[in-house]
Structures are given as C-alpha cells and as structure tokens.
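Heads up, the next two complexes both have subunit A, just with different partners, subunit B and then subunit C.
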Partner chain A sequence: MLRSLLPALSLVLVLLAIAWLNPRAISYFGFSLMLNLAIPIALATIAQMFVIAGNELDLSIGTFVGFVGCVTATWLKDAPLIGVLILLGSIGVYALLGALIHLRNLPSIVVTLGMSFVWQGLAILVLPKPGGKAPDWLLSLMAFKPPLVPFPIIAALLIAAVVHFGLMRTSYGVILRGSGGNAAALERAGWSLLRTKIALFALTGFFGVLSGMALIGITTSADANIGNGYTLLSIAGVILGGGEFVGGRVSPIGAVLGALTLALAASPLLTFMHIPPDWQVAANGAILIIVLAARVLISRRER
Partner chain B sequence: MKRMLVLGAFAAMLASGTALADTSGKKIAFSNNYAGNSWRQAMLDSYGIVTKKAVEDKVVAAADIFTTADKEVPTQAAQVQNLILQGYDAIVINAASPDALNGAIKQACDAGIVVVSFDGIVTEPCAYRVVVDFKDMGKQEIEQMAKFQPKGGNLLEIRGLAGTSIDDAIHAGILEGVAARPEFKIVGSVTGDWDQTTAQKAVATILPSLPDIVGVVDQGGDGYGAAQAFAAAGKPRPTIIMGNRQDELQWWKEQKDKDGYQTWSASIAPGVSSLAFWVAQQVLDGRTDIPHDLLVPYLAFTQDDFEAELPKIVKGGVASHEYTQEDAIAAIKANIK
Partner chain C sequence: MPEVRADIVTLDGAEKHFGAANMDIIRLDGAEKHFGAVRALAGVDFHVRAGECVGLVGHNGAGKSTLMHMVAGTLMPDSGRIAVRGGIENNYSVPRALELGIRCVFQELSLCPNLSVAENTRINHASLSGFGWRRKAADLIAAKLDEIFPDHSISADDIAGDLSIGRRQMVEVARAFTVTQDPLELVILDEPTSSLDAHTAGQLLSFVRRFVASGKSCILISHLLGEVLGNADRIVVMRDGKIVASGAANAFDRDRLVTAMGGAEAREKAVAETASRPEAGPLRVRARPARQDDGKELVAHAGEIIGLAGLAGHGQTDLLLAIFAAASRAKAGIEVTAPVALVAGDRQSDGIFPQWSIAQNIGVRSLARLRNGLLISPQREAELAEFWRKKIGIRTPDMNNNIFSLSGGNQQKALFARALGSDAKIVLMDDPMRGVDIGTKLEVYDLVREEARNGRTFLWYTTETEELDNCDHIHVFKNGRIVANLRRDELTEEKIIQSSFGDAA
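Up next is the complex of A and B:
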C-alpha cells in the first residue's frame, strides 16, 4: 500500500518544500512555469517505462528525443508531410530494434547505446547548428492556458490516465507486462514474444516522438544536444515511480509522478534553496540520491 | 571611501545624463550552464568579486549565481523559469544554446525581467547581448604580426572548436587581415579546439608538410601547444600569437628573457561576466537608450605590459579583468551611434 503511494508522497514532499521556500511558486503561473518542462520528461519516462516493462533498458531515448526535436524544428515545420514520415519511420526503427534484440538475443543496453550515437549523429545532420523553429500549432498547443488548472497538470493527468488504461486495464496490456514478468509462461500460452517486444519498443518510439515534440513546443527552437539528459532522468523517473528493472513491474501513474518529482526536485527546489554556486552541482545529485534512496528504503521495509 | 566610489559612480551616471531610477532594491540573478574549465571558473570569480562589492555598496539588493548541474538546454530553461518565479528583476545569462532557450527567455521578458546574455548569447530579440568583437581580434592578429614580421611570409592558422560562432568570427577576421596584407599567406590550417594538448598534436602532425613558417595565428589556449610542437620538431621558433593563458604568457616571458622574443596576446576576458552585470544594472536603472547588441573590446597584452599581468594569473588560469560601472557606461556609449 505504502509502496504504491510513495511516488505521490514524494511529490507532495517536494511540493511542500517548494511552497515553504518560495510561496510565490504555488500559483497558476508558478505551476505553469515549473512544470511545463516536466511534460517532455514525463513522456520520455513513459517511453522508458515500456522497454523496462519488457526487462530491457533504452539508453538512446535522450538522443532520440533530441533527434525528434531537430526534425520537429525543421522538417515538420517546413514540409509537414515529410516530417511526419520521418517521425513514423523512426518509430518503425524502434520496432525493428525490438525485433533485432529479441531474435538475436542481444543485450538491449548495447544495442541502444549504439543507437544513441546514431540518433545523435542524425540530429546533427538535420540541424548542424542550433536553430530551427517549432511549428505554430505546436507552439500554441504548448502555450495553451486553460482556466483554473495549469496546462502541464492537465497534460500529466491525461498522459497518466491514457497509459494506465492501456497498459494496466486492457488484456493486451497484461500480455505486454507479462512478457517481462514471465516470458516462458506467456510463450507456452501461445503468445508471440517477438510481437510483444516489437510492440513495447514501438510504444517507446511513439512516446519518445511525443516527448521530443513537446520539448520543442516549449523551447520554440532546437539544438542537437537538447535531449541528452533525458536518458538518465527517464530511468530514474521509472524507478522513482515504483517500477522495477526486471519482472514487468511498472506503474504508468507512478512513472508520471516520478518524472514530475524529479523535474521539481532537480531544478526549482535547488534554485529556491540558495545553495552557494560551488555546491549546486553536487547538491543536485544529492537530492536525486536522497529521493531515490527514500523509495528503496520504504519498499524494502515492505518485504 | 566606498561612499566616495558610489558617489563617483553616480556622478558618472549623471554625466551621461541618464540616471533615472534607484537600483538598490533590485535583484539580479546569474544563470550559468557550465563551470568545468579554467575560463568559466575565472568568469565566476570575476562576477563574484564585482557583485559582492555592488551588493555591499547597496547598488543592487542581491546578485546570486546559479549554475546548472549539466550542460543541457532543458535544465537551463527550467532554471530560467525558476528564476522568473523567484522574482528577480534581471537575469544575466551565459546560455547553453543560442536558440533553444528562446522560449524561456521570452517568458522572462514577458514577466518584465531584463535579460542580458554574454559569451553564450541568446538570439531572442528582447534580450541584450554582450558580444566581444572576435572578428576584430582576428584582424588585429595579422596587424600585430606585420609589426614583428615586416617582410611577411607564411602563416599557420590554428582554428578553435568547429561549428561555434566564435571560431567563425576569429577566422573571418584573420582572412580579412590577410586580404589587407598580401605579404602574408596562410599555408596551413589545423583545429586546436582552444586546448594546448589538441593544438600541439595537430601542429606536430602538419608541420613536416609545411614550408618555413614565420608566424602562427590562433584563437587562444593553443599558443603554448604550438610552441611545444615547433620545439619538438626542431623547427625555428615563429612568432606565435598568444591567448592570455598563464602557460602562454609564462612561455613568452621565458623566451623574452632569453633573446627578446616579441609577440602579442589577446582573448576574451572571463570578467566580461561583470560587464554583463553592469549592463543589466544600467537597464534596471531606467536607461532605455542601450542597444540590444553591445560590442565590447577584447583583452589584449603587448610586449610592454604582459609581464605585469603574469603574476596575477593563477597557474593554469587565464588573464581576466573586472569591469566597473564606468567601464560599462563607456562601453554602452561606444555602442550608441
């Protein structure tokens, strides 16, 4: 019980700390600003969650998000049809990777580490120097100001609800998680493990594309290195949200909460604490370790 | 004494005819995306020294420094957004990307915050840009070279980090200089990444294939490496333009003491961060006549004054200069045409 509440609990704790340090941040304007960059992180975390559900790890998601960002700021604006085709094609590449990893029984860490350089190279090819511009519809979508509830919160709820329903409430969702939980049993029951792996990787690609587009919608312009930090953030977000590296144990709602917590703990909390500049970088790491350690401690006590 | 200084500063402002508002209640934040090399450390030091005094003198209420944990654009964009929430009146920024932070910068401007970028500038029109005239620096390298090598001859060029605007500008300046002085000819070009080791390797590799070289034009951080490469190859020592690094000036001094070796040194002063701070202060002061693009001079040393500077630079560091409010006012004035 405590375990499933933990992601929400840590988010509340971070929010309380922020409210105490800077009451001004707890407002419509404050949440819009603090959380809007958490949307792409949440989407990248969901992407990472799908591969983790299948006992794999994606080390290329960060550079993939960067690649998508570069395509979004160039092709998708100037030639939307080609842009869409490139993005669909990149999801196809992800599906193929899933197939390759399953058929040749390759370690996903090695394959995706290799792919991370491929995506990075392609990103630089698409956008050799920082620039480009997000399509106008994307800009206005990300700058959307709904009444009462800030857009990032609505977006987070929507992402969590959709993925939760798809992965936790549908029968194929159970199969997908089962491929990480007990692959042998699933295979004996007549399900194709190749197909589940392809589905999981394609979903990762799909949410990676959403993440890159959301990011560019916020920053308005792209940089080939823009997503590099997302690889580790997304893994940490999944784990913080109650997921496990093996066993198909993941939680979409937890992952979104984990991503929000990380986004808030890493930046606003740190900025509001007024730590001397020499210590800021180390403090950022320390906050991450404390947040993750708290999760490990509590889940261990449960066993 | 302090009060005298402040009064002096105010007098200077009055002299320029634009002292309008009081900035003693204003808070200025510094958003920095990287602190991992000697130049950035010197940049932070200069900024710290100048702003600490400005706060003590009650010129501004606060001047806090924020460094992001990684070099990533989204981290800095989030940081800028947090600074908006913190209620700062101005943000001085060394940005991770010229374009990709524009969304956050625009949000800051919309919230009524003054944004001044330097070194790593941002292209968002509402922000101010403090830019060093790198092109002129490149051109000046050839002009200086002409003094030491009046007969002209073959030059070797060492480029900086590929794909950066700085490398582009210095290179363009050097080409312009060579075009104006046809007695010089660039016979080889290597990439040194502003790093002594990289430059040494690159120069050592190209040296055997080159004719006699009279001079090396470079971008700073690569002069000492080039000197080592020439020495190792047993080639005669050319006139190597230096880049204000401690090891470069030290080598220059050794050569000067030995046989009166002459050269010239120039680079961007890390203390340009303090200039950006004063520009922000001036904007907060109510000045509306400040151009959004400010071209400021680079820091240069000649045969006569480099030895005085040498002891002030920490080992492995780079020469810096802390700018004063008067410097900023003068720089702004020079940019108003």
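Up next is the complex of A and C:
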C-alpha cells in the first residue's frame, strides 16, 4: 500500500520543502513558473514508460525529443504539411525499430543507443545552429492561462488520466503490459508479440513527438541539443513513479508524478536551498538516489 | 456472466451426447519427434475419447511433455498424423487447438505476475474486450474459482505475483476451465497439484471427475501415482519416448505402474531402514518459529532427518530460510552449529543459474575448496561434477552442457549435488521434489538416508505425505507455528491432516 503511495509522497515532500524554504512560491504564478518544463518532461517520461512496460529501454528519447523540436521550429512552422509528414514518419521509424528488435532479438539498449546518434545528426541537419521559431498555434497553446489552476498541473492531470485509461483499463492495455510480464504465456494464448512490441515503440514515438512539440512551445525556439538531458530524466521519472525495469510493472500516474517531482527537484528546490548552479546537477543525482533507496527499503518491508 | 456460461456448457454437452458417443476428441498416429540427435517420441499412437480422463505417467524425459505439446499444438510432429474429432489436421497450431476446444495447463506457471487475476483471464479470451470487460473477466474467473475451490479466498483484483505459488496454480487451473466463445472439450493438466496441498488438490480432482462426467475430457499427468490411479479412467504409461502400457485404470495398481515405468523397488525398504538407525549425535539445530507462542521448538541432531509437514505455505519455508540466515548471522531463538546448504523448491527462480553449465551449477556452493590461488580450478570443478554425476546419476553426455539441457528431475539432482557436495553438515530442503518423477525421487531418498547415516542432518519440508516416511521426526505446521511433533512410528496421514486442519490450541 505504502509502496503505491510513494510517488505521491515524494512529490508532497518536495513541495513541503519548497513551501518551507520559500512560501511565496506556492501560488498560481509560482507553480506556472516552477512547473514550466514539467509538461515536456512528463510526456517524455510517458514515452519511456511504454518501452519499459515491454522490458525494453529507449536511450534515444532525449535526442529524439531534440530532433522533433528542430522539426517543429522549422518545417512545422514553414511548411506544416511536410512537418506533419516528417513527424508521422518518425513515429513509423519507432514502430520499425520495435519490429527489428523483436524479429532479430536485438538488445534495445544497443539499437536505441545507435539511434540516439542518428536523431542527433538529423537534428543538426535540420537546424545547424540554434534558432527557428515555434508555430503560433503551439505558442498560444502552451501560454494558455486557465483560471485558478496553472496550466502545467491541468496538463499533467490530463496526460496521466488519458494514459492510465489507455494502458491500465482497456483490454488491449492488458495485453501490452502482459508482454512485459510473461511474454511466453501471452504467445501461448495466441497473441502476437511482434504486434505488441510495435505498438509499444510506436506509442513511445508518439509521446516523444508530443514532448518535443510541447518543449518548443515553451522555449519558442530550438537547438539540436535541447532534449539531451531527457533520456536519463525520463528513465528516472518512470522508476521514481513506481515502475520497474523488467516485468511490465509500470504506472502512468506514478510516471507523471515522478516527472513532476524531478522537474521541481531539478532546479526550483535547489535554487531555494541556495545551492550554486555548479552543484545542482550533482545535488539532483543525490536526491534521486535517496528517493529510490527509500523506495527499495519500503517495498522490501512490505514483502 | 454466469448464466451465459451455463448456457454454453449445456449446449456443448447436448451436442456431444447427440452426435458423437465414443468419438475421439483427438488422435495421434505414429507421432515422432527428434530434437537434434535425441529421439523424444518414437512413433506414438495416442487418443482421448469424449467423456474420459486419461492418466499419463512416466519418468521425466519419457516423452510425456513432448506428446502433450503436440496435443496442445505448441509442437508439430516430424512425422505422423493428428486428427481432431475424426478430421485430419494438417496445419495444427495453438490457435487451431483453442478453436477446437483443446487447452493445456502447462507445468511451468504461465500467469503474468504483473497483472491481476481478472486481467490474466482476459489474456486467454480475445472476446473479453470492449465496455465492461473488467467486470466480465472478474465474474468469469471468480465463478470458476468458486466452483472448483469453494473456500479459495482469492480476489479477482489480486495481482498474480503477490499470490503464493499454490494460489497461482489454482488461478491457472481455474482459468483453463473458463469458457467464453471458444468451446471447451479437452483440458491437459500437467502436474496440476504439484503446488497444492492435499485439501485443494482433492477439490481439484473431484472437479475433474465432475467435468469428465459431463461429457468432457481430460488428460491428467501426475507423479503422484495415487492421484492417477484414483481419478483416471484409462492410464497410459510412457518410457523412452514410447507407450509401454495402456489400459483401464482399475487394471493397474501402484506396483504395476512403477514396474511399467521402469522405476526402482517400492518404498518398504525406507521404513525398514529408518527403524534401524543408531542413536542421534550432537545437537545441530534448535529453532523456534517467529510466531510460536508456546514452548514447542524444532530440534535436530547430527544424522537425523526432520520432516516439516502441514498445508502448503504455513510457515515451513519461512523457518527454513530463518535457519539458513541464522547460520551466517546470529538470530534470536535459533541455534545453528554447523554450515548449512539449502535445496530450493522453486528451482527455476531460486535454484538454478540459467547461463551456467551443470558443473558450474554444482560447484558454486564449494568455491573455496575448488580454488587454486586466486582462480577457480576448472579441473577440480570437473572432478567434483564428475563424482556427483556418477554418484547421483545425472543423465547427460557432458557436464559442461548448459543446465537447461537437463530434464526437470535431473536439474533437481544437480541442485542436490550442489548441497551434498559442499561442506554443509545441515541440508535444508524446501519441498525440492515438486514435479519430479518417482524414479528420481527414490534415488534421492536413498541418497538422503545414506548421507544421514554419515552424520548429515536434513530438515525436509515436503507437501507429499509419502516422503515423510523417510523422516525420524515430523513437525506439523499451521499458521506459522508448530502444532504437532510426531515420531516416525507415530506418523499417520490422518494425524497430519488432523493437526493441519484442527484448531491450533
């Protein structure tokens, strides 16, 4: 029981720490600012969660988000039709990678590590130096200011609800998760593992595209290296949210909570603690280790 | 939707009684199968009629599994013919078998541990989809569990991985009998009771009888010969990839089955030998279960074989693990005076190193002795492995083969060799004979008694009452406590059942 509450608990803990250090941050404006980048991180985490649900890992999601960002800031604005086709095509590439990994029985870590350089190279081809501009409709969407509740929070709720329904409640979601739990049993019951793997990778590509677009909608212009940190951030978010690397145990709500926790712990919390920027990355890592260690301890006690 | 399901069942039954009395559900003619140089099946003729329960017995490696994989459609014969209800099947496969109503509960558990019981049911039924499928799946499996195991206490929302191994097996069996759109004609039960205690095993077997009485068919594979003799209509005995005997169940008895399988002599020898054991040596283990609130404790001396009995999952394994932990780090309430080795019950997850060879799997408990300077001496490792291959009869051409090249019984022998080949004076056995054939069992029993005579101590948790005949002392467990302490000569099956089910006063 405690184990499933842990993602929410760690988020509350980070929020309490921020409230204690800087009470003024707990406000509509404060949240809008602090959670500014939470939407693309949450989407990238969801993307990573789908491959993890099938016992695979995507090391290319960071550079893929960067590539999508570059396409969004150039083609999607200047020639929307071509931009959409490129993005759909890149989801297709993800689906093909899933098929390749299944058919040739390749380790996904190797394939996606290779792909991370491909996406990076393509991103540089599309946008050799930082620049470009997000389409106006995307800018206005990401700048949306709803009454009472800040937009990032509403978006996070929406993402969590939609993915939770799709993966945890629908009948095909069961099959997707089952492929991570016991692939042999699934095959024996007559399901195609090729199809589940393709579906999981395509979903990763789809949410990677959303993440890249959301990111550019916030930053307004792109850079080929803009998403590089997302690979490890997304993996950490899934694990922080109660997911496990093998066995098909993932939680979309947990993954979004994990992403929010990381987004808050990443820089607002540390800035308020007066930790100099030079040390923030290391401090961030330390927070991750502490939270994950707590998770292991708690789940061990529950066994 | 229980009422819908009931409709389908009666429909099918009516259809069968109407058209096809005495018809073969499935028939295999001259089925042959080779795996590399090994001939797993040598031209087998096998059939199952409607409304009959066929018992299938034989040693591990006799070809039972291969034959059943063909019936279930997971393997195709190299040559031979498969016919279902008289029609020849040229492209027989798992989906085709399911369509024809032939299903299999495989020996290795095939639930997805990350999914709930209801979700696991959904995986076997493509038609459980769309709006409200969760409710339908939950009702379907709950109704079937209620029907087979009336007091099961499993919820459809339980995550399969959180259930005990026995409960997982109950879910898996119940799932195989659920019906949605595909018909259900024949269920293959491969060791269905291996993880069940006597009570639930009895419930399952009486359900199988009801199922067969309603005109359906069943293939029952079990190493517990009593189960097969008591529940099958017809028994087929396999040996070396061939059917060596076949006939009505009442034409067989225990001894005839064992002889047909080529097994060793009966177990009277065991009883005679245990009686003539010399007085016990120095104290080896003194342990009190964590939840014990009276003075009862487990005491084992050198040369003793101590049995841990009772229903599955009532604290026997916990106590063994506590003793194992206490050997390396002092623990309150447990005294251990010699090195300990554990033979795991769930060999796939707790016993075997899947990437390693047989020799490496045996040597891992004895690395200190196998060392030569900083490195492990391959020569000494091979010597140790070779010694045990001869002594315990592990059937393999080469001990450097991967451990998975062995059949299940031989894998278990390798795990025994790991424990017995070590310096451990105390050997803990966590129901290690689960799903092992009777020939292997009898060989291991002999070995255990021989090692006990040489001064080793055995703590033996078993779910099979017959195995307790090998023990000097038997402790019966209930709810994590020792509730009875029986000497070998006081032991009867009734006493164990009585203590297991009675109030833990």
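The rule is simple: the second predicted complex is superposed on the first by the 297 of 303 C-alpha atoms of A that agree within 3 Å, B and C clash if a C-alpha of one lies under 4 Å from a C-alpha of the other, contacts with A are read in each partner's own complex, and residues count from 1 in each chain.
Just so we're on the same page, contacts are C-beta pairs under 8 Å (C-beta built on N, C-alpha and C of every residue); 3 or more make two chains touch, one makes a residue touch a chain.
Because the structure is predicted, anything quoted here is derived from the model rather than measured.
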item	value
Overlay on subunit A: subunit C relative to subunit B, clash or fit	fit
Subunit B versus subunit C as contact partner of A:R169, first or second or both or neither	second
Superposed model, angle subtended at subunit A by subunit C and subunit B (C-alpha, nearest 10 degrees)	140
Partner chain(s) touched by A:A266 [first = subunit B, second = subunit C, both, neither]	first
Touched partner set for A:I235, first subunit B, second subunit C, both or neither	neither
Touch count on subunit A, higher of subunit B and subunit C	B
Gap in Å between nearest CA atoms once subunit C and subunit B share a frame through chain A	35
Subunit A residues touching subunit B - in the complex, by the definition given at the top	22, 24-25, 29-30, 33-34, 36-37, 40-41, 128-132, 215, 218-223, 225-230, 263, 266-268, 270-272, 274, 277, 280-281, 284-285
Residue numbers on subunit C that touch subunit A, as the complex places them	74, 94-95, 98, 106, 110-115, 119-120, 122-124, 126, 128-130, 133-134, 161
Subunit A to subunit C touching residues, read off their complex	169, 171-172, 174-175, 177-178, 180-182, 184-186, 188-191, 247-249
Contact footprint of subunit A on subunit B as seen in their complex	32, 35, 44, 48, 64-75, 77-79, 81-87, 96-104, 106-107, 163
